[in-house]
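Given below, in the form of structure tokens, are the structures.
Each of the next two complexes has chain A plus one other chain: chain B in the first, chain C in the second.
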Partner chain A sequence: MPTTTISGRTLEVNEEGFLVHPEDWTEDLGVELARLIGIEMTEAHWEPIRFLRTDHAAMGETPTLRRVSTQTGIDVKTLFGLFPKKPAKKMAYVAGLPKPKGCV
Partner chain B sequence: MTTNTSPPRLLVLGGGTAGTMVANKVHKVLPDWDVTLVDRDDVHDYQPGYLFMPFGMNTPAQVRRSKRQFIDPATRIVTGEVDRVDADGRRVVLEDGTVLDYDYLVIASGTTPRPDQTPGMLGEEWHRSVNEFYTFEGSLALRDNLVAFEGGRLVVHITELPFKCPVAPLEFTFLADDWLRQHGLRERTELVFVTPLDGAFTKPVASRELGHALEERDVTVETDFMVESVDQEARVLRSYDEREVPYDLLVTVPLNMGADFVERSGLGDELNYVTVDKHTCQYLPQGDRHPHPEIFALGDAANLPTSKAGSVAHFSVEVFIDNLVELAHGRPMTHSFDGHANCFVESGHGKALLLDFNYETEPLTGTFPVPGVGPLRLLKESRFNHLSKLAFRHIYWNALLPGRPLGLKPQMSMAGKHPEGPPAAVSASMREE
Partner chain C sequence: MTTDVPTRVDEETSFVPSFDDEAESGRKLAIICSKGNLDMAYPALILGNAALGEGIEVHLFFTFWGFDMINKKTQGDLQFSYLGNTAMHPPGMFGVHMPQGMAGLPGMTAATTKMMKKQIADLDVPEVPEFLEIIHASGGHLWACRMSADMMKLHEEDLIDEVEGIISASDFMELTDGAQLLFI
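Moving on to the complex of A and B:
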């Protein structure tokens, strides 16, 4: 597995740059990961990201875009505004989680 | 609850591929069990035939049968709509008020296309310029609409994952390309494939191979497209990030959802799929819901992280039956489903590819089922694969549904397969604008 250095920490990541170990993640790291894909974190960004972290801890997998939307009440359009083009993938990346499966 | 004198009661909701196989196999291994199956009608369609009907490769009569003719006569069949499962009371209530008690429950109510969930998809043009091939009626209408098609933009579109038979839209595209050539329309048609994924398919090796196949056929691919609405008047698909894809003939795969009663019963996820353990298909409660180890979900109705496909229903039912026998004898379940799926992919010109994969291993190239010999070739087009796919309809009616052994093990095998190294870095895909 490749590694990368963010904020002085050496982290194991997969081929697409997603953290391999969700437990490596901190909110500070989330800010840095967001910056790497051109996103400045605001409170509006944090709401879905915190949901992703909690839901992943409870369910053992990354929630899909639909699940994030139905569970948080944030509509899909808004999520596209916060995390342009690829919200499901970008939210998972910022939250230090694997890409949502839904993809089979 | 059962007494010492009455046999255990198994209640099966749904008489499709999974439900029919369960009923028939239980009678073979647990002949004293009392099996009841509920369904809303007596129609059993060979659903892979929906892909072929628009191109005249299957006739409507070839894909439609009566449900009852495939179900072991020892099964009590109840016709009705399920209102809800009362899991705490171990009973199912039908809309007409009928109450059915059970000791074990199998939910096999499948998944359904829901065009009503995307604004503008239903309407005047539904089954006219806006088509689907996941229902008998839709597939027939599409056959007629293709005959009337004179060229322009033919757009094949996927709304959201998961959906039934994830290779079908690709197959439709390949078959449409072939059909358009045969009818002298290919030069006048722009063929477009629109997907919410970032490539042709979900798994890297298959996505690459199938992506090449689309390129070779001069199909335009629009990726990462999450549809927000269909504008039937302007004939465009609109995405959440404000892209527009115009069409003259749209063939969409609507959002798929599990049965509404699953939601009413508090057993489902956000798409009404029953949450289950992926190795046993036993109900796995989410959040603060109560466990009910006597409830299982099989086939498309379950939220298994693998393809919604007949092969998955088939392999997972075999594992379930082995486990049910153990439960019946008071032993713990020891059989585990590995997510095995096995799919023929029609590629047009009388050829097909074969995909074989599970939870852990993506589809690879190689030979199947005999290592190094085949005769089926994995992830490569061949005439034999195509003939096997056509022949499978007979196997389905005559061997699979009645629960006869097909000689295929439910567990996936790595024999004859060619593993590849890790995929090339694609991290840039997320940063591009």
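Moving on to the complex of A and C:
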């Protein structure tokens, strides 16, 4: 597994650059991961990211965009606005989780 | 090499996923939806939605029976029949065939439709009307076919608001210049 250095920490990542160990993640690291993909975190960004973290901890997998939307009540259009182009993958990256596996 | 200047190891050298490559390459997907059966509506919805989530520009073109997906009166009531589908088996019972003759019995289409809708809902996959709203909200474009509209005597007011226009086949070809294309 490759590693990368973010905020002075050496982190194990997969071949695409996603964190391999969700437990490596902290909110400070989330801010930095977001910055690396051009996103400045606001409270609006944190709401879905915190949901991703708790849902992953409970369900053992990264929620899909559909699940984030239905469970948080944040509509899909807003999620596309917060995490442009690839919201599901970008949210997973910022939350230090693997990409979602589901189709919808 | 000894000429390399030692560089500061900072955040900018971090290994970051390349999220915007496809978006920048201008990848486009066009899907022609020509069927109005429940089971034939979903492939376009799933693939179109997945493409949008990957930053790909998506255009759906509804023609012939595909109009039932965008007609306000029909889109919530698409049906599934296994008549002519010899692969049909009861849920989970692989290898068990459903007699084709039974598919034509009164009430059978309603029963198989209900069964399929439940299976789809169990996966938390939205019904057709909501799915089209989501695709539109995600930036997908919905177009209706001019000739089909004329044949069926349908107008923009008969179609869901998310449809951007009733356009000709040539218009659609222009819109989807360079797109990858799926016919369903």
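As a convention for this text, the second predicted complex is superposed on the first by the 102 of 104 C-alpha atoms of A that agree within 3 Å, B and C clash if a C-alpha of one lies under 4 Å from a C-alpha of the other, contacts with A are read in each partner's own complex, and residues count from 1 in each chain.
Assume a residue touches a chain if its C-beta (ideal position, glycine included) is under 8 Å from a C-beta of that chain, and two chains touch if they have at least 3 such contacts.
Values in this document were obtained by computation on a predicted structure and should not be read as measured data.
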{"item": "Three-chain arrangement built on chain A, chain B and chain C clash or fit", "value": "clash"}
{"item": "Partner chain(s) touched by A:K101 [first = chain B, second = chain C, both, neither]", "value": "first"}
{"item": "Partner chain(s) touched by A:A58 [first = chain B, second = chain C, both, neither]", "value": "first"}
{"item": "First, second, both or neither for A:I74, with chain B first and chain C second", "value": "neither"}
{"item": "Contacts of A:S7 with chain B and chain C, given as first, second, both or neither", "value": "second"}
{"item": "Partner chain(s) touched by A:Y93 [first = chain B, second = chain C, both, neither]", "value": "both"}
{"item": "Which superposed partner A:V20 touches (first chain B, second chain C, both, neither)", "value": "neither"}
{"item": "Partner chain(s) touched by A:V31 [first = chain B, second = chain C, both, neither]", "value": "neither"}
{"item": "On chain A, the residue positions that both chain B and chain C contact, one per complex", "value": "16-17, 36-37, 65-67, 70, 76-77, 80, 84-86, 89-90, 93, 103-104"}
{"item": "Contact footprint of chain C on chain A as seen in their complex", "value": "2, 4-7, 13, 16-18, 32, 35-37, 65-67, 70, 75-77, 80, 84-90, 93, 103-104"}
{"item": "In the complex, chain C residues that touch chain A", "value": "9, 11, 13-17, 19-20, 23, 46, 49-50, 53-55, 123-126, 134, 137-139"}
{"item": "Contact set on chain A toward chain B in their complex", "value": "15-17, 36-38, 58-59, 61, 64-67, 70-71, 76-77, 80, 84-86, 89-90, 93, 101-104"}
{"item": "Chain A partner contacts - residues on chain B that touch it in the complex", "value": "160-162, 166, 197-198, 202, 224, 226, 228, 240-241, 269-271, 286-287, 305-307, 422-427, 429-431, 433"}
